[in-house]
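By letter and in written order, the chains are A, B, C and D; residue numbering begins at 1 in each of them.
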Amino acid sequence: MKDPLKDKLTSAFDGIQIQPADRNQISITANKESILSVLSLLKSNGYNHLALISCVDWIEEKRFELVYILSAYMEKDKHFTDMEKTNIILKTSIYREKPQFISAIPIFENAEPYEREIHELYGIHFEGHPRLTPLFLEREYKTPPFRKDFDTRKYVSDVFDPIPFVGKKADKR
Amino acid sequence: MQMIEMILSPLLALIIGIFFLGLSRKIMARIQWRYGPPITQPVIDVIRLFSQKSVSHGKLFNLGIIFSLAGSLVLVLFLPLAQICPLSGSGGMLVILYMMLLAPLGIALSGGESANPNTSIGISRKFILALGYEVPLLLILLALMTHYKTISIVHIVSIQQNTGWAFVSLPLLLSGIAYVLILPAILGIRPFEVVQASQEISSGPMAEYGGPFLALATIQHALSLFIGIALFVNLFLGGAGNLLIFFLKMLVVFVLVLFVNAALPRLRIEQAVKYLWRWPTLLAFIGMIIVLIVRR
Amino acid sequence: MDRNQLIKWLKAPAKMGHKYSLHAVYFCTGCGIIEVPPSITARWDAERFGVLPVATPRQANLFLITGYVSVKTLRAIIRTYEQMPEPKYSVGFGSCPINGGMYWDSYNTIKHLDKYIPIDGWIAGCMPRPEAIFVAVTHLWTLIDKDMADGYKRYRDHYQAYRANQEHALGKLEWPPLFSNETKS
Amino acid sequence: MSLELLLIIAFGGAIVTYLLGKISCRIREGFAVLISLSLVVMIACLYGENGTESIYFHFLGLPLIMRTNMLSWFFAMAVSALGALSVIFSLNYMKNRERTDFYYLMLLMVNASMLGIIFSGDLISFFIFWEMMSWSTFLLISYNRGPAVAAGLKYIIMSIIGSMAMLVGVLSLYATYETLNMATLAELIGSASSGYLLFLLIIFSIAFAIKNALMPLHTWLPAAYAEAPTPFNGVLSGMLTRMGMYGFLLIMYVIVGATRALNLGSGLFKFHYILAWLGAITIVIPTFIAILQDDAKKLLAWSAVGQGGYMIVGIAVGTNLGLSGGIFHTLNHAIYIVLLFMCVGAIQYRTGGERDLNSLGGFIKKMPFTFIGTLLGISGLVGIPLTNGFVSKWLIYKTLILEGYPFLAFAALIGTWGCILYCYKFIHHIFLGQLPGKYQNVQKAPFSMLLPMIILSFAILFFGILPGIPLKIIDTIGTSFGFKSMNVTIWGIASETGTLNTINIFAAVLIVSIIAWLMLKIGPKAVSVAQEDTYAAGAAIPKDKYHYTVDFYNPLYRMITPYLKDFIDAFYMKFAHWIQSLCNGTRRVYTGYVGNYVMYIVLFLALLIFIRLKWSL
């Protein structure tokens, strides 16, 4: 995989770094404008499975880092090629103040739930996403809970502690 | 004398039925290398259930379970229990056949009233399974009745007393084997436990039964176990002179059926009916042909 | 284990019945449910104490809350507890239902389960082993004997408070209150 | 009380109600009810008379005779009683519909023509009333236009074919015996050869089999029942379709006589044995088709076809038990099928004509009396031991088993178990389960609809627990046909080969139900809850989505649907299209232009000349 695809990538996009992470992973960092085209290029080169989109909140550098993990579906009854063994970790970072990004659904439809989750837990808005409705959480949160500036202790003491005990315990307290 | 019999036979059926329930849980436990509850565990369950304040979904919910228990108890009156057969003179085998559908209809009505899809699915499976095992069962019973040229079960038992068991008499051998193949379906136990499948449809028609309702349903289940096996013993193993032999015969049949219950997983409803309409029906059909040839 | 003392049965059949036929709702509320299968199968066999998992809350009188309670699961726990017939007992597994355990500061777990539904007994241990569950069952027997396992009575007497707490934690509940206010006690 | 007066009142009443309708609908309805009730009373006091013959008219030199015997009294009582009940039922149902005068006229006309058939003593008046009945039924079936007209057409075509077959039989009888009076025919028929007897039986049984919807000739019934207005459905399914049964009894036992009819043909191919097998097939296949239906009236229609098979098997077996079982089943089936159609009518009246089983549910909370009626109706249909259906089925099974027809008995018993499935489906989809939102404010059925239901439910239980009363009358019918009488007692049949004692069963069930009720009372009183408070794995109940009815017996559907495609209907349709294309062909020949005709003549002459020349050289 390494050389032909690596050259293709470096030639097509400027500001892209490719370095092998650990055993069979390659981490690519690209700027946010070229993400969609990198994704479609990788998809056409056999990495047709978007395993996961996750997000890391670097609060000191005031940026969110979006991580796309791609891998290749194994061809039916063929021996494992080395391409299928490697995963690609594609990273990009966006500004933390206005968390805005384009949705990857046109290239990978199965990105829809991951982006919904990131929207719910980090508050990043994805254009072109059909339904950014809440996925897991029961209640509304002023600051999305996975952000570093979400103070869980204060939240717990605001929401759960004021609820009184019932019956004998309440009288004792 | 007849009045004492009228009280004695349902009581006896109840005791034997509940004993069978306790025995089945004990034997199942021992087969699974477990110590298992005491034999009287169903009695403890019934006492506990009667003390609970349950929920009812309307009058039909109450009447349905009463109707089904009454159906099973009345059916016991028609079955000869070794010389005790209170209502032998009012209808014979045909009434038994029709009484057997009272209990499921009662539970179906009260289950339907509880407005829960789980119960409706359970009931629809119950009727499909009933249709499934009814095809071979009717062929077997008709073969028996045409062979002995009578429709009263007391008569069949008395004939078998002197001419030997129907199970081993040549023309009825195939019908006997077919009956054994469908006995688990009639009793509603493991390979054919599609109706009260507690994992799939949260115990089917019993999903909404609380305290006393569940107690009556357990008693009704015990009675239907008793009826299924007593019918087989009367029709094919020649009933019995006295109660002890009758009980022993039932015990042997029940334990054998329990082994089948412990060993086999639950079938899907389509597989169950496909099986019931294939091998047992074929055997019963050939049995009927043999009976007709012997009769000519 | 006074199961076969006939006098006790004749004196208080309901209490003895409840002691020796605890049918538990098979509802996996949290991580502790992994301890229930081994306790009901061959090695530890809960059935010898009369404990049997049953399919629906209508048929049960014991409710095992196994492990941490997330906000979403609390809604189902309340609904199941309310659908159980009246003399019912509930047992909490592990420290998480007691005070939140290691998720004490998490935004989506319930800290003190006792604020929402009454709990009769607790079993310590971050997932108690089957032996601990049987100790709890025997302990529950003594509670029932001494009429201290009265969680359902507390629920009926203080239903308004419980209901308020539930609505406070979960927002709107889709089912009407179990006891309308005139059946105070 | 002469019979002509009875018929004049019946037909005159129909016309007078039509005229009164012009004045005001209240008088018309009152008068219609009065007429039908008076008919019931008049027929009731005809009980004893046997064989009173009275010539009321001469038609083409043939005397038209009215006579009555026990068989006609039995059928007349049933027809008039059910006619009166369905008139009472249609008071409310037809309140705000158009053309109700026409409806009442036709309904009373149908009842009157049925009475005419029953009391007619000779085959010509029998045929006249038969045609009158068919035509008024056709007009009533196609009452509410649209698809009903197609159903009516299908009905009328098949009944015309039947009437033509009957006409052929009547003419051949007249040709050989110069008389059409049934009594004299019965004596003269002895001299006929068995071949002629067979021809007679086949011709007449085609007409009666079409009316009674025997298997190959049943295709008109489901469409007709589904489209007819529901109150008329009661009359249609109750007694009108069972005129075929009256016809069978007439031809097989009154005219041809029992001994001769029962040994026509040889060995396995006896006439009555084949008829019994047709009846057995009619029990099994329509019952399984009924399980597939999703429309309430279609389901009842297919069940009516299935139940018709029991009657045919009963009378075709040819023993006194079988005959009385068949006749008693005709009465029982009439009672509970009319009751079930009235329940469907009450539901339709309250829900604005809703018939689809999948969009109903939970009506027990809103219409309890209709529920009780339906419950008794389906328990009668299934044959639960305390209902009348059980007694007649018991008779039929006993004779089938003891006479050595086990496979016939097997087909009949399988019919019962199939019947349980669609009966429970019927009552479950309408009354049990969750009540949909849009039917929250449905009220009870009006009293004028409930009264007939209560009477019929009472009749089901009354005949079920004390079957001796109707069986005594049926026994006299049997003996009038020359069969040995079975010793009927008030509580059933007492015979050495197996007695039936319904009072014992009733007493046992009553006592045991009280015991079971007391056992339920041991526990504390249960708290009744709304339909939303049911087990849903801890979730709240989704509105209007928590009701399981679609594909109720899905595993069974997948197994039996491939075998149950309606081949016979498809065959009839293909046959009809084939005839139509044939007619188109001939139409193209007779184009109507004179020129073509001249051309045909010239061509034909040329052909003749050519043949003449060719052979003569």
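The rule is simple: a residue touches a chain if its C-beta (ideal position, glycine included) is under 8 Å from a C-beta of that chain, and two chains touch if they have at least 3 such contacts.
Remember, predicted model here, so these are calculated numbers, not experimental data.
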Chains contacting each of chain A and chain B, listed by label: C
Which of C-D and B-D has more C-beta pairs touching across its chains: B-D
Closest chain to global C-alpha mean, per-chain Cα centroids: B
Averaged-CA centre spacing for the pair chain D and chain A, given as whole angstrom: 71
Chain centre separation in whole Å, for chain D relative to chain C (CA means): 59
Whole-Å gap between the CA centroids of chain B and chain D: 36
Chain A and chain C: spacing of chain centres that average the CA atoms, whole Å: 40
Residue numbers of chain B (touch at least two other chains): 49-55, 202, 207-208, 210-211
Interface hub residues of chain D, defined as touching at least two other chains: 524, 533, 535, 537
Chain C: positions in contact with at least two other chains: 56, 58, 83, 86
Interchain pairs in contact, sorted by label: A-C, B-C, B-D, C-D
Contact footprint of chain B on chain D as seen in their complex: 362, 364-365, 371, 375, 379, 382-385, 390, 393-394, 397-398, 401-402, 404, 406-407, 409-410, 413-414, 416-418, 420-421, 424, 427-428, 431-434, 492, 497-502, 504-505, 508-509, 512-513, 515-517, 519-520, 522-529, 531, 533-537, 546-549, 552-556, 558-559
For the chain B and chain C complex, residues of the former touching the latter: 25, 29, 32-38, 41, 44-45, 47-55, 198-199, 202-203, 206-211, 214
Footprint of chain A on chain C - complex, ascending: 71-72, 104-108, 110-112, 114-115, 118, 154, 157-158, 161-162, 165, 168-171
Interface residues, chain A side, partner chain C - complex: 136-139, 141, 145, 150, 152-153, 155-156, 159-161, 163-170
Residues of chain C that touch chain D when the two form their complex: 27, 56-58, 75-77, 79-80, 83, 86, 174-176
